[in-house]
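What follows is subunit A paired twice: with subunit B in the first complex and subunit C in the second.
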Partner chain A sequence: MYTMGIDVGSSSSKVVVLQDGVQVVAQAVVQAGTGSSGPGRALEQVRQFSGLTPEDMDFVLATGYGRTTLPMAQKQMSEITCHAKGVFFQEPSARTIIDIGGQDVKAISLDDRGNIRQFYMNDKCAAGTGRFLEVMSRVLEVDLEEMASYHFRSQSPASVSSTCTVFAESEVISLLSKGTPKEDIIAGVHFSVAAKACALAQRVGVRSEVVMCGGVAQNSGVADAIQRELGQRLLVTHDPQLTGALGAALLAYEEIMRKGKSA
Partner chain B sequence: MSEKMPSQMKAKELLAYYQAKLDEEARQAKANGKLVCWSASVAPPEMCVAMDIAMVYPETHAAGIGARKGALDMLDVADRLGYSVDCCSYGRVNIGYMELLKEEAMSGKTPEALANSPAARVPLPDLVITCNNICNTLLKWYENLAAELNIPCIVIDVPFNHTMPVSEESKEYIADQFRNAISQLEVICGRPFDYEKFHQVRQQTQRSIAQWNRIAAMSQYKPSPLNGFDLFNYMALVVCARSRDYAEITFKKFADELEELYKQGGSAFKGAEQNRVTWEGIAVWPYLGQTFKALKNQGSIMTGSAYPNMWDLSYDAEDESLHSMAEAYTRTYINTCLENKVNVLLKIMEKGQCDGVLYHLNRSCKLMSFLNVETAELIQEKNGLPYVSFDGDQTDPRNFAPAQYETRVQALGEMMDQAQQTGQE
Partner chain C sequence: MEQNINALLEQFRAVAANPKKAMEDYIAETGKGVIGIMPLYAPEELVHATGFLPMGLWGGNRSISKARTYLPPFACSIMQQVMELECDGAYDDLSAVVFSVPCDTLKCMSQKWKGTAPVLVFTHPQNRGLESANRFLEHEYAVLQEKLEAITGVKITNAALENSIQIYNENRAVMREFSHVAAQYPQVISNKDRHAVFKARMFMEKSRHTTLVKELLAAIKATEPQPWTGKRVVVTGILLEPDGLLDIFDELGLAIVADDLAQESRQVRVDVPEGNEAPLYRLARVWQNMYGCCVATDTKKQRGPMLMDMVRKTEADAVVVAMMKFCDPEEWDYPIYYRQFEEKGIRSLMIEVDQEATAFEQARTRLQSLAETL
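Right after this comes the complex of A and B.
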């Protein structure tokens, strides 16, 4: 039995296909989100890799900001529930989740059965999100993928304290003009993202294990900054960008099981 | 206008009928040289109504403009005048509207933004009355109106209740504020105050409020015959006409209809009511339909909201010391300490048998919003209900994003489902 989870976010589209609710048989990530060719391309990648299409699925569940735009999905669920599900599946000891995506930062607290106890999200502000990092990467002329390696070379991280993305951008520009090494600025940017995420995590209550997911978790510099800010171990999910889609595929499987039970 | 008599109308028709009638009366009053007063929504209208002054309510008027998607034009005017987007959008919409009316009065030409506005036409005021029992924005806003138009401003100053119950000193102080307003009105109207009528108006107000409370009580039934969003609509009359029989007649009809629906086993919800939520804060008027539908689509009905309950202004109309009336006008939950606010909300959630809470972090309304983060945590400690909050604004559509709202509402729905499933296991 196959189920599919599609997570269409603000800047990327992710698909996971599960067999019998346990085994990932195909997955795809395309760096283009809702309203773009992203979802179609991600599905095409899955088809090329596995020969599987949404028609072959027993259930398709969508999540992310673009969740309502996918006609092949039988159900939509919020990314909060999907991320919680995906993380708990990979890491059953997870009790606190930090998820940083393109335009959202969330902290989710789980009980020992993986149920959501509480969650907090950023308000209408890009601070601490993937978008914030994108802006900084452009100003610094350093690719997003390279930011982590700069981070780990930093000797004394600069302070980037502004919450507002525009203010922080000016702060970074003035650091650059003062000749502050890029390593230190980038580490400073990562600490500023970490501060925002940790503040949310503290609001839900930090309990071990703390697990990070979402596209930004691919940047090990941010993960390092969060770990240091929290002062405790931080785990990162396997393929962190795919956690939401994985959760969606798992919830799709539960959906069939539930239906089976009630039928 | 329909030929139907009010006695033949349904509650919904009565609501529209009396709203239009109130606006028409204000326009007629202006045309006939009678006084028109613009009033804050929870300022006491009893004194003005006793002096036969036509009342207009800028907050309700602004909400109507917002709901009809006309807010941006008014906000533009306020923006140009230099009002920051951090100021309450009711105030900005109204100041924009006032400015356009003023321009029309001075030039004899109707500005385009006014001519094209979906706003109900209301006349400029001859005086304003405000009260800081729901916020202090209303002081500066009304002072500005008065200054711009060079008209009298009556202020009913109400101390904040740092502790509850309301102290005797506070009641006496507020009763004095009422008496002071009465002497101001005698000067403005140029005739002695009509105490006999004042007494009747207080009695009328209490009859209206009693019917309003009958409606609000209907959400305790399961399934609920009352959709909480309807209260947002009917609120227009508890604000604008509580001292007139218009409110009483309409609310009585609506309460009767709801009772009848309940007796017949009906519900406000088309489809199965799956869970019940409390909505804390003001509605998002420009997106009223969307905010309602996002909840409805997932089987959530709103059965609790403290906002409409602010007009539970029950008092003893026979109390000539006016202490009882003073108490009613100061105990509005946002004029009280956090502890009391939490208790008020807890009762509302309990009465509405709510399964979850939605907090509107309203950029306009600081007093309601800034406390919500703390309020939410305290409430969850007490009743354990899941909650989410969303960013929005009651009348500035630029401060609300439907997609963000929908994600949070859906997450709340999923948390409520999860709680139900866990409860069943």
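Right after this comes the complex of A and C.
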């Protein structure tokens, strides 16, 4: 039995195909999100890798910002529910989740069975999100993938505002013009993201294990900053960008099981 | 019967969507004028007793531009909207505007009114325990009465005021019943229609509104309540607009079974007490009888227990906090009742309310997550 989870975010599209609710048989990530060719290209990658298409699935469940735009999905669920499911599947000791995506930051509190106790999202503001890092990457002329290595070379992280992306951008330009090393600016940017995420995490109540997911979790510099800001261990899920799609595929499997029981 | 219910609801929808027409119709029909009532609480009965129409001014859904000249970005969206409408001359047909000033933004707004209608400001006493505070407010109302008489040219007699108090008390009772009945018929009364019935109340003469609500209640009660497969929520906050937000509640099967919104049930929570005292004094006592509102000082912090009681009585699954963006009185209350909810295991969710908003994807994600996890 195959189930598919599709997570169409603001800046990327992710697909996971599960066999019998346990084994990942195909996955794809395309760095183009809702309203773009991203979802179609991600599905095409899955087809090329595994030969599987949505028509071969027993159930397709969509999540993410663009979840309502996919005609092949039989159900849509929120990314909060899907990330919680995906994280708990990978790390059953997870009690607090920090998910940083393209335009959202979320903190989710779980009970010992993986049920969501409480969650918070950022307000309508890009500060502390993946978009914030993209803006900084452009200003600093450092690729996103390289930012972590700069972070770990920093001797004295600069102070960067966590209130507003636009203000932070002008702060970074000001730091550059003063000759502050890029390593210190980038570490400052990461601590700014961490401050925003940890404030949300504190609102749901931080309990171990704290697990990070979402595309920004691929940046180990941000994960390091969050760990230091929290003062406790932070785990990062395997393929953090795919956690939402994995959760969606798991929930799709549960839908099949539930329907089977009620039939 | 369903056709009748829909025809009645259509009347509420039409009034709620077009207050300007409601105003023009009233003026054409009665030859009298209209007096604006700013949030949050005012003795509307005084205006009603003049024969003028009290009309609530609770903002709108415009794109804000001119208001930015006069207000900081962190003024709440109701005030941004009101300022924008003022600048556009939308309130210039009003004979006056009655202004209570229970928060800092309202205080400032009352002093920088940009419309041509005169502003009649009065103050609620901060202390809600002393008898002298009742007497102070009675005096404030007496001053307001004098100003209204001068503007309308109508002497407000005690008999006329008693009559208006009765009309308002009856309307409040009918609206409390409506809220109760709507909770039993979520398939019949959508969240958006529930809001329209409450909102139309702000723009209609109250005895007419009462008659229409009674007709609606009779039509609804003639049908059998059906089992509700969705979830049930209590909402709290200043208001829950624009309609795009209510559409999401409807789409997700989240039935609003009770509300603690300042624009809706807080307006009908407390009646003017019966008794032999002067009507102005009894009107003043309403302020000390009010409870569970962020601008009415409550040293015992009873808003949380009140909301939990609403949850219990309506068998609600959760509380949705409709947090008016930049409303600090509401924001200060939140951590207190949130902690009380946590202690009692009551699920809650906060969403941000901004009347200017046109996109609601963040609210949709939050509400959908709540619905999925209840």
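Convention: the second predicted complex is superposed on the first by the 262 of 263 C-alpha atoms of A that agree within 3 Å, B and C clash if a C-alpha of one lies under 4 Å from a C-alpha of the other, contacts with A are read in each partner's own complex, and residues count from 1 in each chain.
Convention: a residue touches a chain if its C-beta (ideal position, glycine included) is under 8 Å from a C-beta of that chain, and two chains touch if they have at least 3 such contacts.
From a predicted model like this one, the values you see are computed outputs, not experimental measurements.
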item: Superposition on subunit A - do subunit B and subunit C clash or fit; value: clash
item: Contacts of A:Met77 with subunit B and subunit C, given as first, second, both or neither; value: both
item: Contacts of A:Lys178 with subunit B and subunit C, given as first, second, both or neither; value: neither
item: Contacts of A:Asp123 with subunit B and subunit C, given as first, second, both or neither; value: both
item: Touched partner set for A:Tyr65, first subunit B, second subunit C, both or neither; value: both
item: First (subunit B), second (subunit C), both or neither touched by A:Asn115; value: both
item: Shared contact residues on subunit A - subunit B and subunit C; value: 65, 77-81, 115-116, 119, 121, 123-124
item: Of all residues in subunit B, those that touch subunit A in their complex; value: 361, 380, 386, 388, 391, 399, 401, 403-404, 406-408, 410-411, 414-415, 418, 422
item: Complex interface listing, subunit A residues touching subunit B; value: 65, 68, 76-81, 113, 115-116, 118-119, 121, 123-124
item: Interfacial residue positions of subunit A with respect to subunit C in the complex; value: 65, 77-81, 104, 115-116, 119, 121, 123-124
item: Subunit C to subunit A touching residues, read off their complex; value: 352, 361-362, 365-366, 368-369, 372-373
